[in-house]
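One structure coming up, written as structure tokens, with questions to follow.
Chain lettering (A, B, C and D) follows the sequence in which the chains are written, and residue indices restart at 1 in each chain.
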């Protein structure tokens, strides 16, 4: 893993402001609990409104939070005027999305001027507080500049 | 593409019942508008509650609907007592999730007793009804049997 | 699928010259049998030197040819001074790599100034000439410019 | 990462015998330098016969060695009568394949009776012995049993 140096000293405020504009995070009840240069953590409670047919958290809800964790890990090391867009990601669902709450961690594996690669892990937390790895993601992110209409 | 023969004549009722149990589909306002042997279509309106920081549909919301489209395409050709689980998927985001509504199509590329591979395409529909390809997915699905606790 | 208009009228000569510089293609006995704007085909004989432990063509050999098919599909629609680099790809192995020869097709799904997405299919051809789909790939390609050291 | 307990005490001999049957490993000059329960390492020299158009190791050659590293990591924790097949993998190419030699490491992230997930990293080693991460892979492997024709 590469510990990236953020080029923007205000990275935290910038990432938190962008996260606050992601309406889907509020809909999911997700919070950005940590943002450091090249790494982000999102916490989310279980919510039956986002389940699949067996009552587990839907793979898409896990993807939503992991994609944002990877995206903010990437945005944290981008210049102040950059916007982040997801080019693609892959997710492996290792265990059912069963838990009281969930933690999603994203880290930048490879920083870059245009292309950044981030890896993420999703954990389910049971009533006893035990963490279980339930999914892993690799995401390719793009740093967009010179687009006044796209910010953060 | 392989046109699979469903082993279960009641595949449509079985898929629709499972879809109805996916609470997240109701939350998203998504409907299963077509299910044939090896193919499924899901329609969904734009909803600002599922957007990312630039106001587009979040990649995770697109993933949720595409994963379900691929999953029901797979379930449609499974035996009556099987349950479908997503092992993994990859999604490429080709254009922003901007539109009045969205269509998600999934097709079985490779049927199998245990492992099935499905491909999906997401389209944004604008006010004039024009379709634009915004994402593609490849998903690996597993057919689970002999698990009375998992159905559909 | 998008039929892209090549910006470079000499795209074919440029792609063929680049292919000729890919030493691994010669090592595999692979030929660029077709190159049109946005699409490429590579043919390759079975060769026991590239097999895995069960005697089938190794997934990596299939990946090598499919990656090049996707890469030349992308290069064919890039400007004359651009070089192509693979950012990432995913491959699903649908059936064993068993056959007398193999055909690899790549097509550009989404053209772009910096990022292009291509999809590929690998087919095994048996002694009777029957084609069988054995693998699918989705690849994300990058167009690199202003790098005199990177060409084609 | 999960440290898996191998169910077969002869896992090392079994993995080494299977590796020796992978003709492509000999063709690439690749060696299985380490195999422990749930982890494998493959070493390979640079070889101009496997390069792409800019003289770097082709993404497909990197994929070949990483897929085998992930595959033997998985096989090491399978029962003695199992064979390993790659269902799919995704690779991100982080830096050009430039180096004197290369190291490929695979580890089992999630063991399982039928499906195993492994992650891999490729490193380029320069003349001074410095390691540089050049690629990461996530691979989904299948454990095949009751198939006398498939072994290892």
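Going forward, a contact is a pair of C-beta atoms (placed from the backbone, for glycine too) under 8 Å apart; a residue touches a chain by one contact, two chains touch by 3 or more.
Because the structure is predicted, anything quoted here is derived from the model rather than measured.
Chains that count as touching both chain B and chain C, per the definition above, are A, D. The pair from C-D, A-D or B-D that reproduces the interface of B-C, where over half of the contact pairs by residue number are the same, turns out to be A-D.
For the interfaces A-C and A-B, the C-beta contact count is higher for A-B.
Here the CA centre of chain A is 29 Å from the CA centre of chain D.
In whole angstrom, the spacing between the mean C-alpha positions of chain A and chain C is 32.
Distance from the chain A centre to the chain B centre is 23 Å, each centre being the mean of its Cα atoms.
Looking at chain B, one finds that residues 87-88, 90, 92, 117, 138, 140 touch two or more other chains. Those residues of chain B whose C-beta lies close enough to touch chain D in the complex are 87-88, 90, 114-115, 117, 138, 140, 142. Touching chain C in their complex are the following residues of chain D: 18-19, 21-24, 27, 48-54, 58-61, 63-65, 67-68, 83, 85-93, 149-152. Within the complex formed with chain D, the chain A residues making contact are 90, 92, 94-95, 109-110, 117, 119, 133, 136, 138, 140.
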